[in-house]
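Once you scroll down, you'll see the structures, which are given as structure tokens.
Heads up, the next two complexes both have subunit A, just with different partners, subunit B and then subunit C.
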Partner chain A sequence: MQRRTFIQSLAALAAAGALPLNISQVLADPANAVSVEALPRLEGELTLYLGRGEGGLYENVIKAIEDRNPDLKLRIRRGPTASLTNAILAEAKAGVRRADLFWAVDSGAVGMVTAAGLAQALPAELTGQLRDEFRFPDWAPITGRIRTIPFNTERLTADKIPNDIMALPDTDYSVGWAPAYAAFQSFVTGMRILEGDKVTAEWLTAMNRKAKKFAGELGVVMAVERGEVDIGLANHYYTLRLKAGKPDANVDLAFTNNDAGCLVNASGILALKEGELPANFIRYLLTKEVQSYLAEEACEIPLVNGVLPPEGLPRLKTINPPQIDLTRLADLRPTIDLMRDVGVL
Partner chain B sequence: MTINGFKRQYLISLLTAATLFTAPVTFANGPVGEHVNHLSDNIETYSQEVNWLSTKVDEMISRYQQGGVEEAKPDLLVEYWEEVKFHSAIETNYVPVYASIWQGLFGLKGAIEEKASIEEIRKQQRFLEQSLWQALGAVKLAAQYQEKGLTDKVATTQANPGNSLEALDAIKSRLDRVVAKYAEKLSKEAVNIVHDTYLNLFEGVEGELISLDADLVEDLEKDFNVVLPQAIQNGKSIDEVRDIVNTMKGKIDTAHSLLEKSAEERKDVF
Partner chain C sequence: MKRWSPSYPLAFIIALIAVMPVLVLMVLAADSPQLFDSRNLHSLTNTLALMVFTAGGAVLIGVPLALLTAYVRLPWGKFWLVLLAAPLAIPSYIGAFTLYAAFGPGGEIEQLTGLTTPSFDGLFGSSVVMALYTYPFVMLTVRASLLSLDASLVYAARTLGMSLLSSLWTVVLPRITNGIAAGALLAAMYALSDFGTPAILRLDTFTRMIYVEYNSFGLSQAAMLSLQLLVIVGLILFLESRVKGTHERPGKSLTLWPGRLRTSMMLLACMPVIALSILLPLAVFGIWLWREGTGSFELVYAWNSAYAALFAAIATVLFALPVAQAAISGKFGRLLERVSYLGFGVPGIVMGTALVYVGLQLSMLYQTLALLVLAYVMRFLPLAVGSIRSTSERLDPSLVKAARLLGASRKEAFRRITLPLSIRGIVAGAALVFLEVMRELPATLILSPLDFETLATYLWRVYEAGYFGQAAIPGLLLVVISGLALAVMFFGERWNQTDVIEEEPSLS
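On to the complex of A and B.
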């Protein structure tokens, strides 16, 4: 019997109460993604604050978890990630805690909560399921999204796109961007961390002269596709989803190299309440089933060891993202100030 | 910090947290009263209010005939309307007619201010009264449904949609509110609703939708970001703005069908 199969069998027995093992013992060394079949049933009450995003797909995941665990009473509060972050911080200041879990679409929001010391430490074998660069002691990234440069394929080829994001202002290409968009602001925060405020301000100023603003990044990608601009700045999945709906779309993706232009940001979850139940809920999100589902349906990047993205999705080993502690993306206020100072916002 | 100071700070923080958790819905003229959840108990009041409004409009037109604009005091029309409870009953139940009432109020007010002929004034009065009675009919119908438990409790606190289909339903309601705010002459607020609806609702749906019908998303992107805001900012007529919104609502219905079908065909998570 292979080790992984053996572990799953043990887990199934433990879940059935046949062995006096707890989940930490069962999953002491999960080198790869765990199947939902190996997880214990969830029993008890939890309140989840759920940041809005990805249409109904996160909701589908939650419903599937609820269906599988009839003895779990899950209360959900939904809202924009930024609002829920503020609510958690305000509640903590008032000495109350309403949320047991916070699933945010942006790791910067997670960083604000962890920086306030509100997140509980997660079991090492839980975070150990994640790829090395996505292991944090008090939160778990769920899926990744890569910053990319979508380009119009009728005008350009990938080799014509600079592999250095800082070189973009020196090109003749017209650019689409969405500065009011949270993903863009996290990217600028990443640039501030890597390059410093002065260089970032110069880059924004130079880009602002040639960039066309859009409300959202799907709008950016669509503008690239119809040739309104040559290239854009956007998360990877907008292009992939557009191509899914329009296979002959005139757009493809280019990646920069080891800079903020190919930053891998992540959605993530943290527990505000101690105990096995919140941690076990998080385990469900790291199962190979959930990771594969979100990769296939939402084009998000799986972050758990051993879960391969479906064909067509960029693989992390084929790009060279910068090494940034994602929770540092919480440092958003100076980013907004800087963008306002240079007239981008 | 003194103990009292600490307590006060604590209470302020607690209230802030509570406010963030359940923000009361505030429409144009203050918070919605709980009466909207007990429509049947208030139908008589609403009927009296509509009659009262009709009388006030009649009196205003008589004053106009006798003493012109100064005697008529057309500004009072908006005050009368904002005074009645019926206002929030229709606003929370059937926003399209709510918009027509505002259109009628401002139509009549404008006609008086422009010293229009009595025929034109009467025409505006008829439009307003039709809208008011139509609204009362809608509220009566809503009251029947409410009594039978067929309608959700009217939210006096804001709720967030739980999935893409609910988000699309919420988008249609918000688009109706855009027309209502525009009819209220609150153009800036109308445009803000368009932008908020795009960023907080449509933007969460379009990623899923684009893989099903890219052209539809492209159309709606343009509607949200160019066509509708520009129509408002350029001062198009209420009927023109309403036509744009109705076209958008048709596209949202198409999106609803596509997402519903896609959800049926989607693989299970586990």
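On to the complex of A and C.
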């Protein structure tokens, strides 16, 4: 049973988490990720547009890379992903290029820049380090986030929640969601691809009757924890982070099976300038050190072969996300129109 | 014989600069497939309601506080003034978020005290938060107007047996309507264009539509919707321009010396405002700080914020002077002034992108401090123009004429008459810009020089990532630095005004 393997892998993970990192690495997949030790030194100047503020964690990764490479002069601009995307497009139009790399929070933004023909092709052996479903010619996913159903543990247990997202409207739980939030819109796009527009519209309409709107998915998770709603629809890491700060929080995660409800989306990086240096910088982000650091500290899902997912999350193998080409999630316009038509947005 | 005011050409150029981002929006919106969507009407109603309640709330809080800080001799008067102005430096989304987290079932207040408080959201919650973070617009503009009022009319009213309160109501208030209107206009425009607060408190407003479009890469659609918002802006700009002030000679302003008990009562009455707008956010972040521990904060962020805001305040005031001067010189000047307001009603995130397009025209300067400051000027010019204009337009023009008659050149008359008499408006304007720049985010993120982190961008970074505890220190620093800067500005204001007042007896 799906639920049981989830619990077991949770227990196994908790045990593995207690071990030093290299031992848990050995216990993980046979294919091992590249270590920073094996990478060339970075030298020269790089400008990175960083599509969100990660409270010091991406910062720590970047700082670690800088410390290892004293000859690298890295300059960073941080901003909301959509703003930076628009800025990059505006700069390209004006013939100005400031960024060498763009690290975006969602694959939709990556899609905009690649569609404008601004992204450089990446070496095949670089993208080859990623899991099969996350290999693209001109950008590299860095970490993943999975759609989850956070639930209030005082009211519900995981087995009370249907493992089919499409069955959610048939339950009588109150739901918190954040339709204006990019991750939610990607989820709806995923549902459109998997189930078609008509079914998606019906699902949204039915859910809308029992759903309470929030600005962002952190708000959703907080509302679930407070008991304002029974369950929520949110990316996995908000719950994990909330629990990290407040271990007795009344919230836990449930997963659906092979549908949009457990879609995996990714943050990604692309090179706007040709050359070795940007590509080599990307290599650093795909090392096992960086990937496991982001998994442990930011609760994000590593996408490189052979790195463990964050504690409190089952491995990508035990949950069963749907197979969707991430770049198809960039097709946002019809999703927005659909959500607006049914009165969700 | 009416000649064009010499301030016109300069004001024209400045107004043109200020309206440039709006022109960019028009170009961007030209690609938009849809002109108007009737489904937006519901959001529009909410937006209008929020705007009216915010402006109303800001006046209700701001005017009494302006009277208090202008006329009542308080112990540590400047300290209170600065503290009461400080909410303007705190991003309203931070306020909204902490109020939301503190109140309601399961909120921080319930966890600490066990008392269940009502939830804080919807139209009511949003209006309260917006009023709390915009009342300083009203307070500072009205205070500037109040201080340049001659108190003798009030003394006359009191001598004829009118009580203090009713003389304030019937003798003072009608003479400061333009100050109130200028402040309320700014509050209303802020409410129109803010996204964060209604989103967090779950009120469906027009800005949410814009934000959704912007985030789903429908920039042209977002630009189109922003332009539609400007129709409302145009309307309130028109309404505000109908408010007529009075012309009068300046004089020594009213000073009240209440007893210790009354003073304490008055200060006590201010407490809810300070508690909700400053203490509560800092306390909530403090609790989280205690729970989670600090992050990597560097003091240089505070320094960056402070000097960028200072440059912006100075530059904006310099740009605002000719525009304000033009506005009181005639109809065309008035139009120029109105035009320069438009950008303030555009949501920050869209405005930020429009400024990127403007900035890229000067690609040499793109992403330099100079351009960032210019972007702040374009964005916040109305704040300075409004408060300078509302103080100086009440000045009796005969003073300048008298000076000219006595042989002073135009320049000298401006330097020795107009400028000293409107210094309070100038200081208030500079203060507003300074505070607003301290919390400005979208333009700062894109247009600042590389590696230029400010308190606001750092706050955003940690807030966005959900590490709220780390917001405590930058939040506190925002208040402290704004306080220090305002203290310096208001000190300068007093130093300048002595000149005028000491000469006053010999004038009459």
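Criterion: the second predicted complex is superposed on the first by the 308 of 345 C-alpha atoms of A that agree within 3 Å, B and C clash if a C-alpha of one lies under 4 Å from a C-alpha of the other, contacts with A are read in each partner's own complex, and residues count from 1 in each chain.
By definition in this document, contacts are C-beta pairs under 8 Å (C-beta built on N, C-alpha and C of every residue); 3 or more make two chains touch, one makes a residue touch a chain.
A quick note: this is a predicted structure, and the numbers were derived from the prediction, not measured.
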item	value
Simultaneous placement of subunit C and subunit B on subunit A, clash or fit	clash
Partner chain(s) touched by A:96 [first = subunit B, second = subunit C, both, neither]	both
First, second, both or neither for A:306, with subunit B first and subunit C second	neither
Touching partner for A:227 - first (subunit B), second (subunit C), both, neither	second
Touched partner set for A:85, first subunit B, second subunit C, both or neither	second
Contacts of A:289 with subunit B and subunit C, given as first, second, both or neither	first
First (subunit B), second (subunit C), both or neither touched by A:215	both
Subunit B versus subunit C as contact partner of A:44, first or second or both or neither	neither
Partner chain(s) touched by A:249 [first = subunit B, second = subunit C, both, neither]	first
A:238 touches, of subunit B and subunit C: first, second, both or neither?	both
Clash with subunit B, by subunit C stretch, listed 25-33, 205-213, 259-267 or 277-285	277-285
Residues of subunit A that lie at the interface with subunit B and also at the interface with subunit C	52-57, 59-60, 76-80, 83, 86-87, 90-91, 93-96, 98, 214-216, 218-219, 222, 226, 238, 241-242, 245-246
Partner subunit C, residues of subunit A touching it in the complex	47, 52-57, 59-60, 75-80, 82-87, 90-91, 93-96, 98, 108-109, 112, 180, 182, 185, 212-216, 218-219, 222, 225-228, 238, 241-242, 245-246, 332-333, 335-336, 340, 343, 345
Subunit A partner contacts - residues on subunit C that touch it in the complex	37, 39, 101, 104-107, 196, 199-200, 202, 204, 208, 211-219, 288, 291-292, 295-296, 349, 352-353, 356-357, 360-361, 363, 366-367, 442, 445-446, 450-451, 457, 460-462, 464-467, 469-470
Touching residues (chain side subunit B, partner subunit A) in the complex	10, 13-14, 16-17, 20-21, 160-165, 167, 195, 198-200, 203-215, 217-218, 221, 224-225, 259, 263, 266-270
Sites on subunit A touched by subunit B in the complex	36, 52-57, 59-61, 63-65, 68, 76-80, 83, 86-87, 90-91, 93-96, 98, 214-216, 218-219, 222, 226, 237-238, 241-242, 244-246, 249, 289-290, 293, 296-298
